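Two complexes come next, and they have one chain in common, chain A, joined by chain B in the first and chain C in the second.
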Partner chain A sequence: MRRGLSLVLALIAAAAAFVPSSALAQASETAVKAAFLPRFARYVTWPAAAVPKNDDPFVLCVIGDDPFGGALDQAARSQSIDGKRIIVRRMGTAAGVDGCQVAFVGGTPSQPVGQLLAAIGRKPVLTVTDARGGGQRGLIHFSIVGGRVRFFIDQAGAERRGLTISSRLLALAVGVRQ
Partner chain B sequence: MQPASLPQDDLADLSIEELAQIQVRSASKRDEPLSAAAAALYVITGEEIESNGITSLPEALRLAPNLSVQQVDASQYSISARGFNGIQAGNKVLAMIDGRSIYTPLGSTVFWNQWWPLLEDIQQIEVISGPGGTLYGPNAVNGVINVTTKDAQETLGTLVRGTAGPLEGTAAIRHGFTLGDSGAVRVYANWHDAEGLPTGIGDPVRDAYRGWQAGFRSDFVTDSDHFTLQADIFRNNAETLPGDGARGHNMLARWSRTLSPTSSFQLQTYYDWFKRDVLLVDDSVSTMDAEGQFNATVGPHVIVAGAGVRTTRDRFVNEQNFFQLNPSSRRLWVYNGFVQDHFRMTDELALTLGVKIERSTFSGWQVLPNARLSWQPNDRNLLWAAVSRAVRTPSRIDRQLEASAFLAAAPDFDSEKLIAVEAGYRGQPSDTTSLSINGFVNFYDDLRTTELFFEDGHPFFQLRNGYKGKTYGIDGWGSAQMTPWWRLQLGFSTLWKDIDEKGEHVDLVPRNSLGNDPHWKIIARSDFEVAPRVQLSINGRAVGDIEQDPEVGSYVEAGGQLSYQLDEDVELFLAGRNLLHRTHAESNDPDAGQLARRSIYAGARARF
Partner chain C sequence: MKAIPKRISAWRSAPVAIFIAAIMIVLVGVAVIIQSDNSYRDARRDFAISQAQILAASAAAAVDFNDPVAAQEAVNPLRVITTLRSAAVYGRDGQLIAGYDRSGEAVPALEQGIAPASSDLMRVSAPVEMAGQRIGTAYIQLDRQPVWRRVSRYGTLAVLVAAASLIILGLGFAQRALRSANRELANRAEALAQANEMLGEQMEERAKAEDQLRQSQKMQALGQLTGGIAHDFNNLLTVIQGSADMLCKKELPEAKRVRFAKAIVQASENAAALTSQLLAFARRQPLKPERLDLNRVLAELQDLIDRTMGERVQVSMKLDGPGCSVEADKAQLQSAILNIASNARDAMIDGGRLRISTREANEPGGRMIAIDFADTGHGMDAETLDRVFEPFFTTKGAGKGTGLGLSQVYGFASQSGGEVRAESAVGKGTTVSLLLPCLGEAEVRQVGEPVERAAAPQRSAAILVVEDNDEVGVFAESLLSELGHKVTRASSAEEALHLSRSNDFDLVFSDVVMPGMGGLKLAEVLAAEKPALPVVLATGYSQEIAETGSGGRPVILKPYRLATLSDAIAAALHEGHEAAG
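Up next, the complex of A and B:
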């Protein structure tokens, strides 16, 4: 037994010595999801009426519970779309969703994700949901696959709302609903 | 030492393809907002089970500060909240896996050694100490243990895990894939093998235990619907006698639909069957359950209403001694209906009123109301108080166990009743700390006694409802992210009991009713990110002594895991439990209690 243990320890130590440590830095799941959100907008085309006018910024909304905090504001600041800034708005209900291009929908105890999605309905908003928050899916739905943040895309739903999703984003999806 | 995270700034420069390739640490509880539940709720996350090197469901439950976990032999555990622990006495905590009750109505207990879900697929385990309130099923008296597994969409890809040590081993495989454009499925199998424990207070037994469980879960979602179908099959072998062990299978379907922005419903049904053979005692239970629930938001009110029906058919054959169930096979029914209103009176104050009406074959109609008030002045602090009534319905063993000229059946045995008064505080004093403190006084009546009476000059034992009294105590826990690479958690629970026989009732076997409970328990956990690829988790516990004869001394024990991420897919780890002593006693059961012992194992896990 003792010999077995020391063998395992020796193997672990040997493996540690051979792999360069910078090759495998991990990031927090929340930070990576926050980094994805403003980037999605770059690969989506909205109907002309829903695109911000002139110098207006793109608006990224968080409806309901916000799992991201400052990480999302930081991620939004680091990105721009066609020269337009991205700002983050947080709201408790879906009432103000008309001004949002992208909306992350987190449920609340009194308004589950499904109800918020139903309230947004067919508006031209790129809704994003998280499998951690339940099964109800927005147009983009985060999931963890093989320890990485990936997502499903509902292309049929996007088309019904007048949104076009680029093939580059579709190529990254683990599943596309057509 | 250095933090193992990529700083946020580095993420800003990555392409979207590169982001999709980054290996992530799961979000932990500290990232989530304060739970608004007006109850003593502790959540064990799947990530914590993994990082502590835990290989079985009951060992995972040791992570909850508000549970008392006693290992009885190599596979059996007795687990309780707020007292009444013990193989016979531990009948007041409801346990469920994905909405399916694993609390058996035959003997009012949970056979923890039967259930081997793939631990990596567990989303979380909610542990409520105190009555479950309106929304949980029957027998949620002292607590609820609610295991939920991940949605199949969250378990795509392949996972392989193996652990091996001189005393135990496990192996597991799972594969998840998408099905059509709206579905996902995972299929899994796992195997476990544990050597027997050294003889303790109880008789020598051959308690080595091995077996397997396999199954699947599928989830299908559309704009407004979520459909889940899942099933498991298992077999466990014990060495007590040839053929001893347990086997079973179950299947569950659940459909939830969003009707409008303010309303939804859920329907669920399951079938469960298992059979156990232990030392010439064979028993089996088959369960059919159907329940429905409707949710609606009307102004400041969130209303939940529902109904359910469950029927069980059991069979009990004892060729070991003269204890028999009469009749040996019987069908039982439980019906319930419930309604709950969560009323947000102001932005800060919410009142939840709920009532459940329940009828079982043995207990007639029971009304189980509860009222919960919560005051949340800001995002960081929540105060709550609750009063609730709960009952444990009589089991077949309570009512119909008899032994000729020794034990008489108890056709009048009634439900055990509880009125619980609770209050608590939950808060996040800072961005990196969390705290929860809960106090309770439980008023019990009609608790079970084993009494002697004479009929025609012959002495008989009989189970009766002879105890009345109260228990009280405090449980609490807190966590602090001390540095980016070090997280510390502490928890405790205390318990005092003041329960006496009523009138002329005299209980001859108090251990079987009142339990064998230490007055206190403390847990401490520490998680270190030692280096970018190396994680160390240590969990310690100190448990007070059991005063009832036979006494068990207080003990301090620790376990943990050292893990190393070999490459993007593979993790190696060395883990152990009960590391501080070669053996120690946890259960004082005079028949079954064996000695828990040190176990060390090495393992590997790959995800791709």
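Up next, the complex of A and C:
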């Protein structure tokens, strides 16, 4: 695990210091986002009904296009939440979102991000979107600020869905909508 | 005195104890400071650890998301800690995420190694954990407080400890000083005792010297008096002897014989007066107040005053005051008058006038008669005047006066219910006034005066004359024989007693002062043995009679004259006869 992370970090460092090419930058950007995704779960409290029971794992869903690939699986494996594993599920529609605690909404040409978010509605799911995927924002929205991967948080939206986001995470956000 | 050395020995070990106490206090103070410093360092360490833990917790999310800005935001609040040298947050692999260094230098990565902690740095770290996993490290380096700051923190305590030690040491030194002072005091007390002893000896010597001086003064006075008396008596004796020699001549015309006899009588009277005054002056008269005519007392004293004042002082008496009788001891009154006169004389060394006068004075205390003694001497200033009646106060040179003269006057006046006053001014003379209560019109008493009358028909009686002096005895015997009595003579009281037991006498005529049994004792014994036997006593001067009286028996004062003796014998025989009859 450590080796993996160090690899990621080394990639980040390499990307920042020596390889300013856009392709490489985008690749490392995706890796960082992949590393972030399972970690968000630690700073979020779900309603009791939405928390996985017993030995059930936390479910991290990727709805629509998956920009992460194996990097996300690797990141998920390296993390755990309250001793529960994290598994990654990829799905084309929002139909199976009920089993997800965290959902990266990628959008597809047929189903844009906004539509998918609308489909998820007020379900207690921590939705994550990316600025590269369009202007529609989930509860957490990746953005590049100052050449670094940062994120916005919609705290009000989270509350409406029964989610509580830790102030520590809020402190890391570029902006918080309240 | 002996208690002091004991007390000193009890305190001898005190300075050592005090020194030890001072050291103990310093040691305890140092121990308290070290202990306090240790606990302070522990507290600082706890503080640093807690700060590192807070940093670790607050930077956890930033480390988790590798967010240097957020991590820096977690680090920055620590800057308010004044002793913060540096603070840093490191990632899982020791890479620096955010840091702060007070000196502005870059904070090195953990894996590059941080400079080892020096003695003035305190370094603590705390793990940054997330979900039970260590994801990084929080580091804090604090300045240790410089030694001088720590010392100054305990400055108050140190000052207190130092003060306490100083006080205790001061006490020790004071104790030591006190001890030496005590020793000094003891020495001085001893010296003082010695000085006191010496003083006592000196006082004793002085008293002895004074006694000797007084004795020699007495002897000198006695010599003067003796010389004066001898001179006067020689004059009188010259008259008596010469007249007696002339009387012894045969075929002397009757007129001349009477003249020489009268001259002898006159000279004897003068001699008698002289001795009487001497005795009065010597205060050897019976000490009892009697009613006296003041003017008369003064008149009697005129001769003596004249003699006392000498030739340079002219004495005038103007006794025209009221005829007052006063109650006073005659001898003391005479003495007082002579004392005042003597003082007046001494104030007039170059001569002058002394005027003695009497007058009536109405004082608050009642009617008084005053005797004024006004001299024309040098007078006195106010200060001297204030003290003039003080005993032993004298303006005269050593050996010239006792300083008791006027105080005797004062004492006498007070005792007699009167007072004495002095008025004076320098160069204007002095007036001393002796005031005595006036008891009424003077009764002129004729005491001891021979009464000129025809000799009463004398009953012949058997008389035992007791006289140790042969001449006086023969004289008395011849006088009594002349009066027609049958005289037996005894030369001592013992012989008289013996004779009286074997013979019947009508009267005993005895001298008072005799070797062996005296006249008074003889009279007492005879009174017990033969109560009806009258005793007549004769004396020139007797301390005994002056002090205790004669027990009611008639006393004839020597020198006595024929008429006096005759009257006294006749009266005693008459009384004895009446008592017997």
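Everything below uses one rule, namely that the second predicted complex is superposed on the first by the 151 of 178 C-alpha atoms of A that agree within 3 Å, B and C clash if a C-alpha of one lies under 4 Å from a C-alpha of the other, contacts with A are read in each partner's own complex, and residues count from 1 in each chain.
Criterion: contacts are C-beta pairs under 8 Å (C-beta built on N, C-alpha and C of every residue); 3 or more make two chains touch, one makes a residue touch a chain.
Keep in mind it's a predicted model, so treat the numbers as computed, not measured.
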First, second, both or neither for A:117, with chain B first and chain C second: first
Chain B versus chain C as contact partner of A:177, first or second or both or neither: first
First, second, both or neither for A:166, with chain B first and chain C second: second
Touching partner for A:63 - first (chain B), second (chain C), both, neither: neither
Residue contacts with chain A in the superposition, chain B compared against chain C: B
Touched partner set for A:82, first chain B, second chain C, both or neither: second
Residues of chain A that lie at the interface with chain B and also at the interface with chain C: 5, 9, 12, 32, 36, 39, 42-43, 168-169, 172
In the complex, chain B residues that touch chain A: 4-6, 8-12, 14, 16-17, 19-27, 31-33, 36, 150-151, 153-154, 156-157, 166, 178, 181-182, 184, 219, 221, 223-224, 226, 228, 256, 258, 260-264, 295, 297, 302, 342, 344, 531-534, 564-569, 572, 574, 600, 602, 607-608
Residue ranges of chain C touching chain A (in the complex, touch as defined): 58, 60-62, 64-67, 70, 73, 91-93, 95, 130-131
Parts of chain A lying in touch with chain C, wherever the complex brings them together: 2, 5-6, 9, 12, 32, 36, 39, 42-43, 80-82, 166, 168-169, 171-172
Footprint of chain B on chain A - complex, ascending: 1, 4-5, 8-9, 11-12, 15-16, 19, 21-22, 24-32, 35-36, 39, 42-43, 65-67, 71, 74-75, 78-79, 94, 109-112, 114-119, 131-132, 134-137, 141, 143-150, 152, 157, 168-169, 172, 174-178
